[in-house]
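We just call them A, B, C and D in the order they show up, numbering each chain from 1.
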């Protein structure tokens, strides 16, 4: 039996599957939040979700629009101040996975959420770093999820807001007390991981129906593919159902209907 | 001998000047008295309890050349920037949460409308630590931050120090010490003691780090009726307490009203267009009495 | 009408009178705590008492035996963590008066609560600094109260645990962000204040019935007296009544009778 | 690629090692597993919630050469020192609160009974900041402290740094990062999430700063039934949760039982005399089953 699903759903389900019970996940808003809550509502009910607004171990019934919707606090084990969140919980070493989105990413998984163009005369001013610069270095590892396109996957980001592996792939070498950094990037086309040596992102798995050419065309550098290129497992009917219900509940709530 | 040699941040209760409790003021009077043109102002509230009513009063009183500090500028600073109150913005994430850009912020930065503004940007961790250090009366905050980020290239306030015990290189940023901080909270008692509950953000730190502070509240009650370790700010650590019902809408007040996520989405269209924004401001702020 | 009272009561009442409504007082345990609560129960109901255990604006019905008795928390406006107490409230500049006791004090109001004798081979090991070193420098001013004797009032303390004005009286000169330091010392014999120039402690007021000779004999250096030497006002009947009731309540409570 | 390059203090939930919840252990097993001879141990609780039951178990198990850290050693460390468990004490105020000396501590320092112990002493402010910095994963704490005090002359761990922004001289101390922290709290739920309420001291910081932690509680409940900003330590940040009813007596547990101030006074006579102390220890610790 073949299921119908969108590439966005494929991305979210694949991102969700990266999380496991017992992980403490520092969740970025948007795609990471959608994936993290799907994980919690399907295979990983014990995954601990933490948002930078101070909400520890939260279980929202609908997806928050902002990083600090009331839902997050009401369903949390406890809510701490923002300084405590960044100092004790993130910098204190209690986060196993930082789950981030981004506007731009480059071949060494550096993230740019600051601006397109020149810093002092920006073409497009983006929101800025937020929690990402320290999430990426203080969490034990980092997952990244975003849509695949030549605009977002660039050879060199215009600005390194948040360290992947640096402009030469060696940005974490010899730095004490730093996490492993990005261990996987999940897009609507594929899954990438950094090469163990060079740290350049390599496609390790193609989503069903996606060709190498699709990925090559959507990537701003000469993307490499793993020797053992895998095919990403399809979403299950259950995952799709839970995801769609979650998004429906969310849309109704944010439209003020509930 | 009465001359104080004390240069600490918070000028409270010295033998010469004492505050028994915060003063209860109208929103108009509190803003008129404490928010001066050219001042450094922090209006805090992390998504929750954003002091919109106070922000609108600042716009109505046409305050100018403000240096605004806020981790997440949110709609309230988008409005202040678009209204021409702002000279400089210190922030760490300037978007409309879950929606997209702050178009008034972008228009000011990219196109200089209504005028060019300076920006100084940090990461959340650094700003949270800087508020914490300000509350703690320290001149600097130290954190394991900015590793590999290019933000230190464009923000000369970010320095690095060496730990004298381990030799580790750590980031240092100046603490945040606003002239005035403005926050919103659920309630105050009749002595001006304030309860903040739910997502408490950096509210307490913002108040304690500032020379002066305004706290707007949903209501005044006889008894805060709370638990031993609640986030309570004593009245004597606050300059002015102001009743501003629905004072944080379209943000929210835990236990009082929800975040108006629909309005946050609608703001995108309003703020995208200068005329639409100007019209909105006219109708919803300038012509909207004392409260909005 | 002449009231009967002890020299200890005279000391406590005089110390209490140093506090005023609207002061925020960081209270040391023992004599300072007794005086501070007497002030609160008599002329200064709005004095804000703060104990280093984290209890802000507390109004205990009986005197705490320790700095963290349950009574302090139960009657407090709120209770914060100990790091917050020292960082935000004390170091943050919110304390107008630090009220301290001590084991030894010298002519420049330096306090020793560390030890008698040599540090590495102590004759008597005292409890140590506790909160005092930073209370004395971060509070806007400091009041000190202790019993007068040659053993406690020494020319030079064996160890400067807590800064008065340093071993030469110049210990606060040119130091940024430091409080005024000790502005009065209240004993069972007299009140002393630092000389505005030299910072040496000078007797400014003798308690009723106390002679200059009494003070000279109980002080370990050549104590000076102010030109305008005053006589400390006697306790009132009301003050004595409130103090005695407070101490009775306290004794009964700590003996486990209540 | 699975090799972690992470050297942070708290080894929780990595991809290789995960903790879903704290383990529920008996007091005996928790102490046997986590308190090793020679370990650096912080038993915290600022007057309130002092972990006496756990301290007594450490004595019963005859742990040796411990480096004990605690702001206020109180009776619990007087007992551990007198029982011969301690090599070194790091503290900031070593008295019997409101009563006088800790005679076992004095006897060890002044007369070397049962053996000489090393001491390293700080001020409260420095230790509180050092616990805070430990919880925050930093190697040092910075404070405006020790000005004019002679403690830096006798504690070589106290250094001074210059603020890179203001030039102000500030004190720096190494953060506290115990091998194991032991605290007592009111209650835990069935996942090991712990509520601490009342005078919370540096309990949370002690747990978060340590590599391993034992939390003893008065009881296990289905629901902590608390407010949004209570001091709750998640089970996954704790190594072992242990039920120890009256586990902090003669200290106290807010909401459960009062401080036994009479015993604190009686302790003075017991601890003054080596024989009286030894007899007390025999009767009340060694021969007092699992709990005391």
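Everything that follows uses one rule, which is that a residue touches a chain if its C-beta (ideal position, glycine included) is under 8 Å from a C-beta of that chain, and two chains touch if they have at least 3 such contacts.
Predicted model only: the values in this text are computed from it and were never measured.
Common neighbours of subunit B and subunit C, listed by label, are D. Subunit A and subunit B have Cα centroids separated by 29 Å. Averaged Cα coordinates give subunit A a centre that lies 39 Å from the centre of subunit D. Chain geometry summary: the mean Cα position of subunit B and that of subunit D are 37 Å apart. Here the CA centre of subunit A is 57 Å from the CA centre of subunit C.
Those residues of subunit C in touch with two or more other chains are numbered 73-74, 79-80, 87, 91, 138, 172, 176-178. Residues of subunit B in contact with two or more other chains: 137-138, 143-144, 168, 198, 200, 204-205, 226, 228-231, 254. Every pair of chains in contact is given here: A-B, A-D, B-C, B-D, C-D. Taken together, the subunit B residues at the contact with subunit D in this complex read 137-140, 142-144, 157, 159, 161, 163-166, 168, 170, 172, 174, 197-198, 200, 226-231, 254. If you check the complex, the residues on subunit B that touch subunit A are 46-48, 71-72, 91-95, 97-99, 101-102, 105-106, 109-110, 121-126, 128-129, 131-132, 143-151, 154, 168, 198-202, 204-205, 231, 252, 254, 258-262, 264-265. For subunit A in complex with subunit B, the touching residues are 29-30, 52-55, 64-70, 72-74, 79-83, 85-87, 90-91, 110, 114, 119, 122-134, 137-138, 159-163, 166, 171-172, 175-178, 253-256. Contact residues of subunit D toward subunit A in the complex are 1, 4-15, 18-20, 135-138, 193, 204-205, 208, 226, 228-232, 234, 236-237. Interface residues of subunit C facing subunit B in the complex, by the touch rule stated above, are 20-24, 46, 48, 56-57, 73-74, 76-80, 87-88, 91-94, 96, 138, 140-141, 172, 176-180, 183, 193, 196.
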